[in-house]
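The structure is given below, and queries will be raised subsequently.
Each chain carries a letter (A, B, C and D) given by its place in the written order, and its residues are counted from 1.
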């Protein structure tokens, strides 16, 4: 069984996802998840893969809303994709299970305005107070080049 | 007479304070490189100082991010007169590629009076040394 | 005539003027030697003079929350103490003032600037100054005892605390460094600690506490502190030459000065070499090494000396 | 004992770049640590979304002045993956050559900064003197000391001609000869050991939890090296050895890096003798078809991740840059408490931070 099939098997056991994976350019596999399934899936994988680490978190806009990708490394690259509609913009926080998520979540809140349940008001990580707290990369970002 | 002695001394004892206002590291490393064996700026009396209170020249790199604004003004205010500001690198001169970014002011001269602009991305240690020497000669 | 000579000795040689010139020369030579050993060219000979003049001509900012009189007075007191010590310690074989116990007085005068430096750091409401000042004091407790122990061995051997007596005992190249190498090393380490030179420069370690107790001082005050430190180096080296290296050996009529200068250069070269070869000790490492290594070694030297001398 | 706050930065001689540490100190011991970043945040990710793929070649090299080539390589690979273009073998080899020269210069730079932090200026001077040879080599090949502009989307711009290869060989020999000094420093110098051994301990658990990568992680026993675990460019046939040690202190980080310099020299030499023939670059279109790409490469400081989303236009819809300094900073926050104040400089300098990378 190939590594990705093992992960899919693991996630299926959790009932965590329904879609097949896709292979994207550069070699990472992408698996789409429901936002509510994110935490159980991460917990299950942390148990199965002790060497797993969170490489990065990417947020971006899409027609369907905000797309957040969790780039993981478990000896090979795996990205979990979660889509949140523009109205809610809230995701479960991974901080308790993955301390590494700390600053990535702060950055996503700061630049995209994504809120994370279970974390109180996040202070800006990168930007100055003088920006006025408006997420510079959010959907309704301010003017200027 | 006294004036001439003081000017003589000032030209030969420029102590630098370096502040990176949001540059990419390139100019900063090249500035530090100026102190190492190949260039050895100590020949010109140049020392890199730790405290703004001891410095004569404020060497600034970077396009001045919004967050760097406050520290930059504070450091400049802490320096005793006479003092000069040198904008090192294209970012510090004009903002360079980062000119239009949302978190960037674009150029040291938006904040402080600049005595010398040293363009280059990043500027070579030779260019920095030559420009500093030129600045000192003109005092 | 007597008055003129005394004045001349105090103001010109070997007092203030000579002290300033030689300390600047030594400060330059120190930087130059280190630079050359590190593969660089180093500063020109007038560098310390230019630095000093520039600092005197610079704006002297008063630090907020600091009594300006005290801040201005401390470096002057420190410099004055060091200059007085310079009069007690022979230059070559010429001592302006010499009396029984002058070695102890000289050491006392040399420790006053250190305490003044601690004060200078302590009165400023800035963290780096305070931390730097604290370290100065901690280090003072660590090096003072080895320095004293190291210098006590020759004194015990000569049964005198008068520096000229110690020099007289070493006449004919019977330098104490040959008979008491341990004491020489221990007191040299003590001296490095006193001068706050690498590897014992934690009180003003740039990467940790900026310029230490002097972080907030500028202009004239800074210049005075620097002069104090340079002059301390000269006095310290003179002291070591007088106590351990036989002062100026008179080979024939004019050679006294020559051998003295040679010894001075050699000792400075040694200090520069140590600076080039070692990484900085942490303050707690300084005290540990001082009490566990230097003090026992110094005591051993003293005991051996007393036992042999008796 | 009363607690005082020791602020370090944004301007501080220890930091070559601005960041701020706020340390709670009791006596000589650190009890709490806060890290503040963002002083170098220029908003590069948004800037890149507003520029074309071609213009972005200039921008990525200016994310960081130390590992500029690593950024350019990761960016090019991501765009090439989206285009479905494979770079010619010679181009892949020259890319790796620059990656390794950059690793040599970055590690020597780091060694110098660490040495300066522990008051060992001589080593700082010597390390930076040898570093010049690596810079010279890169300059002679590409024309740039710091920003090389060696990469193109689809290949490389700079070629290693036979006479340049000879010059490169002699530069490598010079560095190799002088490297013995740094081996001695790490293996034998007691004054170096005294300041680095047992200091700034980072356990393997902390490394995993915070996702620390690169030499920092390998000094704590993690074996992750993208060059070996997911080979890219010419690494598929080069297979560099990966030095790993388990001490997890500042000394171990120095040991790993000095080893890596040696291995990098060996890779460069191997590339000189077995450089594949062929063209330097493929022609590529300006328009990039819609898609997503994730690229991981091993920058001098560890795993560098680029995510690019394209929307069938000539500029990217989203670029995400995750640099290795970010997890190191998060871990640093945990390592600082408990240290002696005299060791702060050692640990911070020993972490090899690159704020320009971290803040973007």
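To be clear about the criterion, a contact is a pair of C-beta atoms (placed from the backbone, for glycine too) under 8 Å apart; a residue touches a chain by one contact, two chains touch by 3 or more.
All figures in this text were calculated on a predicted structure; none of them were measured in a lab.
When you check each chain against chain B and chain D, which touch both of them?
A, C
Determine, using the mean of C-alpha atoms as each chain's centre, which chain is farthest from chain D.
Taking each chain's C-alpha mean as its centre, the farthest from chain D is C.
Using mean C-alpha positions as chain centres, tell me how far chain A is from chain D in Å, no decimals.
Taking the mean C-alpha position of each chain, the two centres sit 25 Å apart.
Taking each chain's centre as the mean position of its Cα atoms, how many Å separate chain B from chain C?
A distance of 35 Å separates the two centres.
Using mean CA coordinates as chain centres, what's the gap between chain C and chain D in Å?
About 44 Å, centre to centre.
Taking the mean of the C-alpha atoms as each chain's centre, how many Å separate chain A from chain C?
Chain centroid spacing, chain A to chain C, equals 62 Å.
If a residue has to touch 2 or more other chains to count, which residues of chain A qualify?
If we look for residues of chain A contacting two or more partner chains, we find 126-128, 136, 145.
List, in ascending order, every residue of chain B touching at least 2 other chains.
Correct list: 36-37, 50, 65, 67, 100-103.
Among all residues of chain C, which ones touch two or more of the remaining chains?
In chain C, 38-40, 206, 210 touch at least two other chains.
Between which chains is there touch?
The set of touching chain pairs is A-B, A-D, B-C, B-D, C-D.
Which positions of chain C touch chain B when the two form their complex?
Answer in residue numbers: 31, 35, 38-44, 46-47, 49-54, 57-61, 128, 206, 210-211, 214-219, 222.
For the complex, give me every residue of chain D touching chain A.
37-38, 41, 43, 45-46, 50, 77-78, 81-82, 84, 208-211, 213, 222, 224, 229-230, 291-296, 303, 305, 307, 309, 317-318, 320, 322, 326-327, 329-330, 359-360
Which of the residues in chain B end up touching chain C in this complex?
Interface residues on the chain B side: 5-6, 8-10, 12-13, 36-37, 40, 42-43, 45, 49-51, 53-54, 56, 78, 80-82.
Hey, which residues of chain C end up touching chain D in the complex?
Answer in residue numbers: 34, 37-40, 127, 130-131, 198-199, 201-202, 205-208, 210, 276-285.
So in the complex, which bits of chain A are touching chain D?
24-28, 30, 50-56, 58, 60-61, 69, 71, 73, 75-77, 79, 98-100, 102-103, 111, 124-128, 136-137, 145
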